[in-house]
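In the two complexes below, chain A is the common chain; its partner is chain B in one and chain C in the other.
What follows is the complex of A and B.
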């Protein structure tokens, strides 16, 4: 064997270890969700059962939570993406672009729980606490900041030139959006929709605060089950929580690979 | 050609983000000085004085900064070698897809997994028991709800590393680091010098904003320390929520003092990050 093959093999083994580490949490959750009895010191469950999954998929509390999470996240993603697209244009072409962008980072980067405690008075006065509408509006405030940050990269001088060209050729603003800007922005719109959906889908603290514990989304269910020392149901809820993001990130990866936007917008 | 989207963008910005958050922070500030609130007895600096006098608040900020700093440091130390070492595998092959998978794990689930695996009766403790390294759960070190916040750190680092591996790998390629490394080698630099003087500074300088954002995220994190953190001192978000939700209404102004303190600290960090030139 030549010496140059050693690092190559070492690289392959290292990559395999990293790949296993990436998949291990999902495997662990799946095993736990099908466990019937898994006490110390057993490394694998003593008995297996699908009853937690059956209960979750046949109209249990988790089905309801999945539905609420889906409705809330879809609404947040649609509103944030649409509003962020329009606002980012204003921010990107403004002479104080950097300062406005900094303002957009405030809801995106800061703790939703801490800002949420400050927002509570406003939501209490508006009668939005403990309602789905309140949770959607609160989450939108935060996801919207992210959407602005993401779309600001789209509204580049090249995009501005494209739009100007449409007007030069006699097109109207509506035509510029329908025929040029929206088709060009398709990848970025899709990416933003995915990411804002995930921001909402993952949200726990803000939902707990503004939803006053009444809006039981999936992250709240996971936490409730953990508090009840019910790891099997918590694992089923966790699996339901990570399944849509896995599919979306897969699609997202394809969008990123096909010349979409950079991953650098959201740690 | 008139375009009303600019005006619509401005209105949306004011209506959805700046307006509610600005109003709420203003309200929190007024509450913290006793100008408003159910038990308000007039303007006072007493609640702010507590910020300097109460150990619990200082310790909360200190432990939050500690967790955020260690998370950022450890993330760089782990993610940068992985990104550079596996850059080819991250471009094509299974790893290029699998590295995205951990990004689908939310904080709540990450905290749950860490609790299940690192606690006294957790998965790794069972492996240690079966291997004969420990005689029972009492032989396993305290890794969750512990004074050093090890569980909190593991969860945060575990969530951050995959993202930064992808980011660093992208920065490494886009900044043309391989060519710079080649140039340094041609000029006589050794392997360690190339890494220390070229690779690390270029990648970190270009990722600076994202690292500051990670710091701000972790500083204000809630779900992970709620499940894995110790009861005292608590991280900033957990302490704010606890003081806000207490039946004792006299604690509420303190919650707002902490909230504004966090907001100021995070704002300063963001301003600093954005002022720093990102090009390296």
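What follows is the complex of A and C.
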């Protein structure tokens, strides 16, 4: 055996350990969701059942929460990605770019719960507390700021020149967006949609506060089940919570690996 | 009604432009006949690019008028001027291959597919890019990219082509080839152009007429000989340099 094989084998073992550490919690959740009785110190459940999944998938409370979470997160992702894309252009090309960009960071300066508390009176007066619209608006406040920060890097002088080039070639602003800006921004748009969806999908504190407990998204459901000492339902809810991000990650794999924020592939 | 027989093809009158306290263009005027190339020589920062961007409609002038073929386009948007601006960097659309980059302006105009294919094929042949049609911009050399950018600009038959130091980033050999290519294509496609450069020899090679820009002021020489004879044009210093080398 050559000496160079030792580091290679060590690397493989290290990679395997990291992979197991990453995957193990999800495998555990999946096993727990199919368990009926699993007492300490048993290594595996004493009996198995799919009834928690059947209940979750056939119109139980979890189905409703999954639906609400999906609607809220999709709305937040679509609105903040679209609005962030347009706003970032204005910010990036503004002569006070740095000052405006600072404003986009404001939502990150305080925790979502603190910001939610600060805005609570406003939401109460607007009749938005305890509504899906209120939760979407509150979460979009964060996601929108994130999208602006992300897209400001896209709207570079080079992008501005590309747009100007379309105009001098006879194109309208709509053609510039459709034929050049959106295709060139595809990676960044996918990345932003994915990230803002995740920001919303896992949001807990702000949803609890603005939703006033009436808008039961999946993260709230997980916490409820954990508080009720109902680990099997919590496991099912957690599996459902993980499912969309995994699917999106799989769908976005190529776009993300090819460099979502690259404006141009030419030097 | 303008008289196209006596009026110049391009008339630029008294253009002024300031950025903050800095005057970038001061009372710039020029005229250019159809199918002629005006080479504008000047150092970096003298206002050449700003002048081209004003002509293209990408920048607004504080004062002055731009008239093309008797039509005042001073306040017209860039897309309706028929003036194409060719950047110093060959700014190709990174998501499109060579064929689609060249065809871009024709697609914007809704030209039918067969006509696009014929025109683009011919242009690609003229540019010496046969066999490169399916390549993406990052698979091309600097000279090839500049040729694609040039073809994309010329194929839409612009009223006026603005070239902003298009060969500045190329090596000496490629630059010489591109200068020959430009001269050939400009003649074949009856191009009227403003060619901005900081290279004295390039100005002499490319321009039917020559202007010199200094600190935002443009002086267009009545003839090439007048440019060569002007002690401020730099030609005398260039000749003296080569004489010294020779001796």
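Quick note on the criterion: the second predicted complex is superposed on the first by the 256 of 267 C-alpha atoms of A that agree within 3 Å, B and C clash if a C-alpha of one lies under 4 Å from a C-alpha of the other, contacts with A are read in each partner's own complex, and residues count from 1 in each chain.
Here, a contact is a pair of C-beta atoms (placed from the backbone, for glycine too) under 8 Å apart; a residue touches a chain by one contact, two chains touch by 3 or more.
Predicted model, so just to flag it, every value in this text is computed and none were measured.
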item	value
More chain A residues in contact [chain B versus chain C]	B
Touched partner set for A:162, first chain B, second chain C, both or neither	second
Chain B versus chain C as contact partner of A:174, first or second or both or neither	neither
Partner chain in contact with A:229 - chain B first, chain C second, else both or neither	neither
First (chain B), second (chain C), both or neither touched by A:241	first
Touched partner set for A:183, first chain B, second chain C, both or neither	second
First, second, both or neither for A:29, with chain B first and chain C second	first
Residues of chain A at both interfaces, chain B in one complex, chain C in the other	167, 172, 263-264, 266-267
Of chain A, residues touching chain B in the complex	11, 14-15, 18-19, 22-23, 25-26, 28-29, 32, 39-43, 83, 86-91, 93, 98, 100-107, 109-115, 117-122, 140-141, 144-145, 148, 167, 172-173, 198, 201-202, 204-205, 209, 219, 222-223, 226, 231, 234, 238, 241-242, 245-246, 248-250, 252-253, 262-264, 266-267
Chain A-facing residues of chain B, complex	1-10, 12-13, 16-18, 20-21, 23-25, 27-28, 82, 85-86, 88-89, 93-110, 112-113, 115-117, 121, 123, 125-127, 129-130, 137, 160, 162-164, 166-167, 170-171, 207, 210, 213-214, 216-217, 219-223, 226-227, 236-237, 240-241, 244, 255-256, 258-259, 262-263, 266-267, 270-271, 274
Residues of chain C defined as touching chain A within the complex	56-58, 77-85, 87, 91-95, 104-105, 107-109, 136-138, 140, 145, 152-153, 156
In the complex, chain A residues that touch chain C	158, 161-162, 164-172, 175, 179-180, 183-184, 186, 263-267
